[in-house]
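Here the chain labels run A, B, C and D in written order, and each chain numbers its own residues starting at 1.
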Amino acid sequence: MAVKRSTILWAAVVAAAVVLILLWKPTVLVYGVQRAGLYAAVAIPMALVLGIVHIVNLAHGELMMVAAYLAYFVANRLLGLDPFVAMVPVALVMAAFGWLIYKATIKHALKAPELNQLILTFGLAIAFSQIANLAFTSQSFKLSLSYVSASATIGDVSFGVFDFVYVAVAVLLAVGLRLFLQRTRMGKAALAVGQNPRGAAIVGINVDRTYGIIFSIAVGLMGIVGSLFLTKQAIFPGVGGPYTMKSFCLVAMAGVGNIVGVLYCSLALGLSEAVINGIRGYAGWSNIVFFAIIIATILVRSYRERKR
Amino acid sequence: MAISETSLKDVLLFTFDEINKAGGVLGKQLQLIIVDDEGKGDKGVAAIEKLATVDKVDVLIGGIASGVALAQVPTMKKYQIVTVATGAAASTTVEKALGPSPDSDWYFHLHPWDYNQGQSYADGWDAIQKKYPAIKINRIFLAYEEGAFGKSSFDASKAIFGTRYQFDGASFKSALQGGSDYSAVLEAAKEFKPDLFLWAGYAQDALPLLEQSKAMKFSPPVYLGAPPAWPADMSKSPLAENVMLYGMWAQSINDISAASKKFYDAYVKAVGTAPTSYFAALSYSAVYIVADGIKRAGGTDKAKLIAALEATKYASPLGETITFSPSNIIKHQGIRNQKILQWQNGRQEVIWPFEVQSKPIVYPFPAW
Amino acid sequence: MRRPLSFLIPLLALAAAALLPLVSGPYPLAVARSVLTYMALAISWDMLLRSGQISFGIAGFFGLGAYAAALSVLRGGMSPILSILFAGVFAGAVALILGLVILRLRAVYFSITTLALAEIFRVIIQNWSDFTGGPEGLVLPKLIFNGESKSLYWLVLAAVVIACAASTMFEKSRIRLALSAIRNNEQSAAASGIGIFKYLLVAFVVSSFIQGIVGGIQLQGYGFASPDAVFDSNYTLLPLAMALLGGIHGTPGPVIGALLLGIAAEFLKLHIPYGHLVVYGIIIVLVILFMPQGLYGLLRSRRHAVAPVAENRVDAGAWGK
Amino acid sequence: MSTLETRGLTRRFGGLVAVNNVSFSLDRGEILGVIGPNGSGKTTFINLVSGVYLPSSGSIMFKGRDITSDAPHLRARAGIARTFQLIHPLQSLTVRENVMLGFLFSRGMRLRQARVEADTICGSLGLERLDRGVAEITMLETKKMEIARALANNPEILFLDEVMAGLNVDETREMVGLVQSVSRRHNIGVGVVEHVMSVIRDLTHRVIVLENGEIIAAGPYEEVSRNPRVIAAYLGGAA
């Protein structure tokens, strides 16, 4: 009963917020949702890694950067593929790259304290972005694709609709991963490893291989996300950094291992950022909203758990 | 911060090479020592200390980020090595820290200060409106990135345009800092209905801003950008057509300036691509100004070199002859003018100053 | 044998550090200044880490200290030295107030909260333009000691001495036992009468105080503060990497780590002008892979021939809880 | 009035009632057995008394004072000590340092004094070479250290949570003697949670039996062990 009541309460709060935004500035809703889609799409692979391999990958955003460069140079310049087509080979190459990173580095730090893993991936992040800097300089590259300016007009307001692709991909990723983890043999094994690696090893699951596959899948997904990112954004060596932090925050807010939760949290953050952005003269404060909401969520949850 | 220090490095390398291959200065080869400041204040200070005391250099060239320059000023003041600065536009901080003559006479500031730029833009738009009666500008909107660069652009623009025009602005998070969405600032701009829409951000913002403007059907009569560099692919985008920009150098100046042509050819040969930022031409100029100064001073004696640099008359690739004269605080200010340019058929064409105009202005900016 | 030696080495090191300006030029001093800055931060971070709490908010309190010092001089007319102290007290006071709330959090949730707080400090300062100077920052009319290299160096060294002293005090007193116990197992610690919250608060406030002091010194030594410069995430990540490379849970580790990484960074820059940061990143990766205990940990375990225990990791990892 | 008394102590986790309406008392010098099948709420009960959890309802009185909502470390200082079922010694500390903690933080001694006291108490329990890390000592030594750590708090009440688990027959016998002498010497009321019935029989004066969080029987061991409800509970628990 208690669960139900709180769900109704939340639904009411959300509905009220939506109605208020619609009355005030309907486009804020559109942009908030789109923003949320991007955040979630980038964060979900990190949630997967954290939930199962129990590693906070500080090179997460940098992997997206690598994928975006890959999509830009190999797929677009050499083969002339659209990013939506290029994402397939890029994802495969990235998955292989992920496997390599796992075997060469992550694997050897799994038994160490989590701090070591943190610094390890931090080192990887520096190396990736600096190699990109060395190879391509810090100048930015940007594709020109006419479809990213796709527009819709309702009444006298026009807004971009392309970014809903992010939302679609985020939902697909979340649902797909959930199905994978709950329905497939591999996924169930991964879930078991994530919950209790020792126990999983005892029942005969190859824990190391499972970690490797999950990490590789996550990096492969970053190939998709990176290609997608390239459609609309300019790329440069430092492009990934801020997304590492955003994803880290989102994943922590959703709660470790909660992939679908990332969707809700992204939505909450995307909307509230868009709202603050929509108030003239206060756009600069929207950054605070992101972090304030995260802290508030974490604190409320911690106090509630204590009470329980 | 936005500019690649590596591309700047390439410019310095090939310019030194060029001078040395032509016999050097006073029969001697110029020696280049590069230290990366990593865009950080403390690294920048250590770099100055090293160059001053270990390498004992005669001249310092470079510096783009105001933040680093700010950290370096006290140390530079300590050694008072002759410096030709190619960046650092923030007058309220950097110029103030340098202080007035004679304590800052060793400092030759090539790049315009923010108020120089602002004044230059004001002059430019006055002149353009006079020459083209069809162009009427009453309302100006500035979209600026929320960091130091954008905020100082806003402050300087407001001071100069705020009194004569209807002026408004709003900030956005640059893609350089992880921003991805310009909808709020564009909505505010659209509502304001500006005659001139200006944005002050980084190369990373250029095309996404245009794309989102198109999606939102926002097409002001003048769409103007003022980033320190443009993305490499800008010319390939159909959206770039007739976007206007502020800058100091463009390929089109090659048509009217032999110095520009020489710089451009050398750059393409050494780096492999066309320059994406006017800082390349600025750095190139700085090296030639120094070489020329040493030649006229007959060596690197500080007092003589400063005197020689004061008398600089360098026909630069920027399409203007560079001389030094006092600015608001310091004694040696080089360039004051920016140019107003416009993308036409994938090329940056100079619109103003009219003396170096390469193409007439296309107005208004076409609606999508 | 061990006692006088463990007493002597730090003293000799301190003497050598204090005398460095008499023999070296301004360039090594400038490098040393930044190495010492990171060293003090690394030590302060480690002091909280001994309780098991991993802070990602070093840059936050560092930046807060820098701004507190700048504003106290520019708006309050405080003297430079006093402003540095004020910076520490201010950062400590903020830590005290925030600590009352956030020290109930553990593991990744505490880490992320400190990270978020640092970002919140930055955004407040960036947007509160009228008071803080906004994104363009603040410039002091002149540097402390008129920017004289040796004095500036000694000033930063003083911060390191303060950090070492506080850290040693933590190590030699009951605080070490309390923090170690809390890190190992909070229920056991409480069953021995340890007031967990109180000791966490002490460690958090003291380490933030030091970070504030270091921020204040940074401001006085370079003469300006801007949100991008003083809240730079490097002020969090580098000290963290240094402490880890040197070895955590003690004073010598961060000291060794800062020396090693700080000097390596500058050395690499001189010898590989293009791409030194790539090598830097790779070094971090290699050290973590091959010396997971850190350098000092390696030395210590050699000497005692005891298999080191990876004590921070609990079965599925502390992040997993 | 008894030294420690609970009245109607209840703790719910979500829908599950782990401890239900437990009222009991324990006096100094008395040794009480707490038994019951797995999952009957024994450890939760100790966790409630020592303050790891707060009760959903009911109260805890210690020496006539209501300590129901006191923090765990304050209860330790007041005189309620405990050991843990899943022993988690503090691995970064030596054996001596583990034992010193209570003297330092519960009794507020200085380091030097705490050191002397720790050595004394360890000596009385037969613990030697106190500079060793806790990873290097045997199971018996670990158990002794746990008791020493608890005694360092100068308790009036001490709860031992399966302190015999993992010991062989001889070691168990030694520990039984140790607990008896500790209780007698320091006049401590001891609550013993134990699975091994022979230990309960030899050690305790009185027994309470928990099933599904409720007390289903109380009294001397001989009496309780013949109680049909208790036998059923154990058989049911085993089946």
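Keep this in mind: a residue touches a chain if its C-beta (ideal position, glycine included) is under 8 Å from a C-beta of that chain, and two chains touch if they have at least 3 such contacts.
Keep in mind that what you see is a predicted model, and the values were worked out from it rather than measured.
Greatest Cα centroid separation from subunit C: this falls to D. The interface with the greater number of C-beta contacts, when A-C is set against B-C, is A-C.
Mean C-alpha position of subunit A lies 30 Å from that of subunit C.
Taking each chain's centre as the mean of its C-alpha atoms, subunit A lies 48 Å from subunit D.
Per-chain Cα centroids separate subunit A from subunit B by 36 Å.
Contact with two or more other chains is made by residues 6, 146 of subunit B. Contact of a single residue of subunit C with at least two other chains is seen at positions 126, 274, 277, 311. In subunit A, the residues that touch at least two other chains are 133-134, 245, 284, 287. If you check each pair of chains against the touch rule, the ones that pass are A-B, A-C, B-C, C-D. Listing the residues of subunit D that touch subunit C in their complex gives 50-52, 71-73, 76-77, 81-82, 84, 88-93, 97, 100-102, 104-107, 111, 133, 135, 149-150, 152-153. Listed in rising order, the residues of subunit A touching subunit C in the complex are 50, 54-56, 105, 108-109, 111-116, 118-120, 122-128, 130-131, 133-134, 194-198, 245, 248-249, 252-253, 256-257, 284-285, 287-288, 291-292, 294-295, 298-299, 302-303, 306. Of all residues in subunit B, those touching subunit C in their complex are 1, 6, 9, 34-36, 38, 40-43, 45-46, 49-50, 52-54, 67, 70-71, 73-75, 77-78, 90, 92-93, 96-97, 146-148, 150-152, 155. Of all residues in subunit C, those touching subunit B in their complex are 25-27, 29-31, 33-34, 37, 126, 129, 134-137, 139, 142-143, 147, 149, 218, 222-224, 226, 228-229, 232, 234, 266, 269, 273-274, 276-277. Interface residues of subunit C facing subunit D in the complex, by the touch rule stated above, are 173-174, 177-178, 180-181, 183-185, 187-196, 249, 306, 309, 311.
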